[in-house]
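After this come two complexes, each holding subunit A, first together with subunit B and then together with subunit C.
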Partner chain A sequence: MKNFEYLEPRTVAEAVFLLTEYGDEAKVLAGGTDLIVQMKLKKQTPKYLVNIKKISDLDYIRYDNKFLRIGALTTFSALAQSTMIQENFSILMDSVRAVGPLQIRNRGTIAGNLCHASPSADTAPSLLALDARVKTVSLGEERMIPIKEFFKGPFATCLKAGELLTEILVPSIPSNTGGTYLWLPKKTAVDETLVGVATLVTLDVNGVCDDVKIGLGSVAPTPIRAEKAEKLLHKKKIEDGLLSEVGEMAVDEAAPRSRAEYRAKMVSVLVVRALKESVRKVVSHMRN
Partner chain B sequence: MKCLIRLKVNGETYEIAVEPRKTLLDVIRNEIGLTGTKKGCNMGECGACTVLLDGKAVCSCLVLGVEADRREVITIEGLGNGVHPDPLQEAFVKHGAIQCGFCTPGMIMTARKLLDENPSPSEEEVREAICGNLCRCTGYVKIVEAVLDVARSEKGGRDAGLLSHR
Partner chain C sequence: MQDYSVIGKRLPRLDGMEIVTGKAKYTDDIVLPGTLAGKILTSEYPHARILHIDTSKAEKLSGVRGIITGKNVPMVQYGFANFVRDEYPLAFDKVRYIGDEIAAVAAIDEDIAEEALDLIEVEYEELPSVFDPEEAMKPGAPRIHEHAERNICSNHVSHVIGDVDKGFRESDYVREDRFVTQNVSHCFLETRNCLADFNANGELTFWTSTSSIYLDRFVLSHLLKIPVSKIKGNRPFVGGGFGGKGETVSCQICAALLSMKTGKPVKITLSREEQFIADRGRHRWIFELRTGAKKDGTIIAKQCRAIADAGAYNSLSFLILMHSVGYFDIVYRVPNVRYDGDMVYTNNPPCGAMRSFDCVQLRLADDSHMDMLARDLGIDTIDLYLKNVSGPGDLTASRYKLDSNGLRECIERVRDDSGWRDKRGRLPVGRGIGFAVGASIAGAKSSNDDPDASSALVKINEDGSVNLLIAAHDAGQGSRTVFSQTVAEELGIAIDDVKVNFVIDTDIIPQDQGSYASRTTIGLGNAVLAACRDAKRQIFEVVADQLHASAEDLEAKDGVIYLKGSPDGRVSFKDEGGALSLCLTSKKVVFPIIGRGHFEPETEPFDWKTGEGNISIAYGFTAKVAEVEVDTETGRVKVLNVTSASDVGKALNPLFLEGQDEGAIAMGIGQALFEKLELDKGQILNPSFSEYKIPTALDMPRTIRSTWVETLDPHSPFGAKGIGEAVIVPMPAAIANAVYDAVGVRINEFPITPDKILEEVEKKGKLGE
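Moving on to the complex of A and B:
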């Protein structure tokens, strides 16, 4: 690892000041499970490392029935233990469970997972389906960025130098809605996700689709929404023929590079499977 | 430039000047001289470097030494020794869950943490818990047996367990 100057701001304002001062030469350290690896590989060689873990009020999970708010320092372990998320945002819990072994969950943060912007980030498809947004703070400015606009390319986000992601906001899920995240791992030491699919389905009382959102991970330069596939289901009843069309449309929207044929095939398989599972969840809810 | 850090390792306090780029793993092994914690991949993939940081299992190769300032670390040396081994250490020997032994310290740290939190895990739960600890030799079967054996005989980890003696 290249040497760097280590900084420990105590407040968001202090962190933003340092990030502004040092611009592109600075990197934010949260859990470090991605960044420290990148630094060892010399893919990242920051001159200034700004550890934000000493900022006291960034580690929280709150829900006020309108928004779920997750502070930037919340670890995957904390999320995995949250019964509130399990009960109200099970699609997000599916994603959290897909993340690494315990040692990684204990350190890694969901905000860091987003900022690292790996095309295969497991939380991204669910957050896309949930229409989440992230809050950022920079000198004299706050931004609310829809997650759909956050990723700009492989390992690239729309964050500007001097800007700190402080919170992830997830709007509450309407009633009669079910969601699922399904994924297939590469069988390697770290089981990176090869294809990840999140679907969120809202049905009306007649079982017609009021709203459908489909998030795809690891099959394009960034995590994406399959919006054309979503449109096919709008105001339609979900049935097998239509579902396979939707799966094919999602394949069209994906652009996998390596193992393209297999990944494409799996997109359609998982999209269909996830939609069925989501519908099953809504229906069993309606019955209860 | 070096930073002065103070950390507790296995109950003992150390004050050390470290370069910020040194990982906790390197600090434990090279500065403090406790070489039970192993460096396998050095990339957060194999779990050989697992220690407990403020009671949580982490890969010490993914933590900077400076981040451990004013924190508490437990390494394999803190669990037991040749004279007073941890029941898990005994069970690993008894079951032949050790071949080259390189994964063993990390494996035992993770298993200890599991048993302290979940005294009677299922086989599935043991396998899930150690999924971040790779073993190239044993094929895991004997490791899982050893952990389950301890769970059965301890019925809940040692009474004077890791979590209670700290």
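Moving on to the complex of A and C:
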């Protein structure tokens, strides 16, 4: 590991000041589960490491029936233990549980997961399907960025130098809606995600699809929405024939690189499975 | 069967608490004042001549204390067996793989040592390279070692029994298959390391994570020209070995050389990436198999053409080829056998010994092949094995003497315990059940230039407790605990009164060759038993005097030494005050009783051209049935349950046997489904645990049923045989056969990945037909 200067701001303002001061030479440390590994491998060699873990008011999960707000320092384990998220945002809970082994969930943060911007970040497809947005703070400015615009490429986001992600906001889910995140690991049961698919389906009383969102992970330079596939379902009744068409359309929208043929096939398999599971959830909820 | 008080009991490990609480000290935990950090510079080219090495810039770097290159190290080759020694501690003329060690630096910390490596300038002349063993054997292929024509390591091996061609002509049916296996790494948690301290008196002390501290000391003495009397080796706790720590390697030698150069202690601990490159794991084998059988399943002839990629140096490759010959026919009775094998040098990283000495790859191929043969013949696979299985007392085609052999019982037991009859061919599409067998040596034999001795000391303390001093290279097997059980049983005392050394210190602890070849149970076991009997003889002499009886009439049990058949004539091992009454109350002077034990197997002839000869004292056997579920849309395989039965001779401690079996099942699942060292022109593409994946707890089957067949081997203490290697052997093939049973496709290039399964399923068209 290369030498670096270690900084420990106590407030968001202080952190933003340091990040502005040191610009590209600074890196934000939260859980460190990605960054420290990268630094050990010398793939990241920051001169300044800004540890934000000592900032007291960034670790929270709040829900006011309009927005779920997650502070930047919230760990996956904290999310996994939230019955509120389980009850109201089960699609996000699926994603949280897909992350790493327990040790990683204990340290890793959801905001770090997004900022690292790995194409395979497990929380991204669900947050895309949920139309989440992120709040950032920089010197004298706050931004609200839709998650769809956040990722710019593999391991690249739209965050500017001196800008700190402080909160993730998720709008509440309408009634008659079911969501699911399904994933396949690269090899073993606890492994990086090879393909991740999140689907969120809203049905009307006749079982016709009012709204659907499909988020794909690990099959393109960034996590993406499969919007053409979504359109195929709009105002349609979800049936097997249509589902396989939707699966194929999602494959067209994906652009996997390694193991491309297999990944493409899996996009279709998982999209169909996730949609079926989401519909099953809505229907069983309607019956209750 | 004899009734034992301690042997056969489920006793926990003596050192378990220390390990799980993190208190156990490993080599890297040992800190000497002023220790320098060592780092090794390795080749970036797969094959190149070294024209010039310039260390001047690195030497000027502040904090650097010493640098060595091939020019500074003794020009002595080392490696297994004198006729295939092909390695120097640091390359001096040529590098033969990406990772070949070139120079080593000692500095005040690891960062500076690493920086110094970057400052060493090496001028290379690139040479043509070859990465495929079949290509490497062709005329005109680049020659990697001067001595090896067509890159064949040592010699071609040809083992022929009977008349194979005639056998195939007389067969009703002949099947042929080709299989290719993958390179697999040991993945022990503790990487290889060495702390070396050379002092002003010319004495070398070293600490290292090893399976054989005495072999390390021997190699260091041989290379560094320091007499054995001036080298002290220490083996603290070891975090796994699996066969990968039995060979002395460059990092150990470099630590010693750097300490000699700087006069300071030097520690080298390989990083995970360095470990993957230097690892010397399983070979990539190509097997072409041919079997001829009668309609009723009687096997008439078996033939194998085997080619393996040794990598750039021999390591233990040639010896592994020798074992492969014997493992081809150990499980059958077949009149006509032919095995042709070559170990071939390439510019890939060298391979070496790993749990089962590559029997796992051979049986993966052959048990897959036999499963297909059984299906072709319309015979149940297990019935096919039972018709041809080897038995006790057999002399195999490769001249292995199977004095004890419970393979038939293992097969019958897994068939019955797994519900095979109800499940085979009757499970729904996507579910399948598969069977395979395994065998392994259980102990090595001595040869003329390679003795295989073990020794033990049993010291009786003044309070009646006992110190057992042994070089048990326990890396998780539990051998220290098992040998405490041995002492307790033989002397008739409680296991709590036996203390076994944790550290193996070559100044104090009597010799043992190490833990490889599943040899500890029999080799060291016999030495421990002999030491106990020697101690007991001395004790009985004292007691006999006291009781006015003859030593032959005495027996020891439950802490008491007594006259057989006479309840009055007894002396307790400990008196009320805890002192050894037999010493103190004797009219003789108090004297320490030390029992000495020694064991060396008899030497038997072995033919290096044919691979024929009785290579081991005993042989372990095992059979396994695996049930799997294959997701027919994703191709992912989940192992649901495993049923296992192994001929262990005698179960000394079933708890440890279960541990061995469960570990082997995990490792076997990795070999079958996940693990592969990805190589591109000699470069390892996945040298980390985030990319080279071993099974996690979630990949393990929900149910494992491990049972033991006790055949009481005549050469062994209590009849027990080492089983650590045999137990892994059938696991990958059982999975491969279960996958076929589930979805009807056969993957001939391992591992069996979801991509390959889906591709084959698609090729095959409709499922389940």
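The criterion applied here is as follows: the second predicted complex is superposed on the first by the 285 of 288 C-alpha atoms of A that agree within 3 Å, B and C clash if a C-alpha of one lies under 4 Å from a C-alpha of the other, contacts with A are read in each partner's own complex, and residues count from 1 in each chain.
To be clear about the criterion, a contact is a pair of C-beta atoms (placed from the backbone, for glycine too) under 8 Å apart; a residue touches a chain by one contact, two chains touch by 3 or more.
From a predicted model like this one, the values you see are computed outputs, not experimental measurements.
**Q** Clash or fit: what happens to subunit B and subunit C when subunit A is overlaid?
**A** Superposition result for subunit B and subunit C: clash.
**Q** On the A-aligned overlay, A:Val190 touches which partner chain: subunit B = first, subunit C = second, or both, or neither?
**A** The answer is both, since A:Val190 touches subunit B and subunit C.
**Q** For A:Val269 in the superposed arrangement: first (subunit B), second (subunit C), both or neither?
**A** second
**Q** After lining up the shared chain so the two structures overlap, which partner does A:Ile168 touch, if you call subunit B first and subunit C second: first, second, both or neither?
**A** Neither partner.
**Q** Tell me which partner A:Glu5 touches in the superposition: subunit B (first), subunit C (second), both or neither.
**A** Only subunit B; A:Glu5 stays clear of subunit C.
**Q** Based on the superposed arrangement, let me know which partner A:Lys53 touches: subunit B (first), subunit C (second), both, or neither?
**A** Only subunit B; A:Lys53 stays clear of subunit C.
**Q** Counting only touches as set out at the top, which of subunit B and subunit C does A:Ile238 meet: first, second, both, neither?
**A** Neither: A:Ile238 stays clear of subunit B and subunit C.
**Q** Scan A:Ile147 for contacts with subunit B and subunit C and give back first, second, both or neither.
**A** Neither: A:Ile147 stays clear of subunit B and subunit C.
**Q** Is it subunit B or subunit C that touches the larger share of residues in subunit A?
**A** After superposing on chain A, more of subunit A is contacted by B.
**Q** After superposition on the shared chain, which partner residues are touched by A:Arg259: those of subunit B (first), subunit C (second), both, or neither?
**A** After superposing on A, A:Arg259 lies in contact with subunit C but is clear of subunit B.
**Q** A:Pro101 contacts which: subunit B (first), subunit C (second), both, neither?
**A** Touch partners of A:Pro101: subunit B and subunit C.
**Q** Both subunit B and subunit C contact which residues of subunit A?
**A** Shared contact residues on subunit A (touching subunit B in one complex, subunit C in the other): 1, 3, 37, 101, 189-190.
**Q** Quick check on the complex: what are the subunit A residues that touch subunit C?
**A** Per the touch definition, subunit A meets subunit C at residues 1, 3, 37, 101, 184, 186-192, 259, 261-262, 265-266, 269, 273.
**Q** Across the complex, what residues on subunit A touch subunit B?
**A** 1-6, 29, 32-33, 36-37, 39-40, 49, 51, 53, 77, 100-104, 106-107, 189-190
**Q** Write out the stretch or stretches of subunit B touching subunit A in their complex.
**A** Within the complex, subunit B touches subunit A at residues 1, 3, 19-21, 23, 41-47, 50, 56-59, 61-64, 66-67, 110, 113, 129, 131-134.
**Q** Which residues, counting only subunit C, touch subunit A once they are in their complex?
**A** Interface residues on subunit C, with respect to subunit A: 111, 633-636, 673-674, 690, 693-696, 698-699, 753-755, 758.
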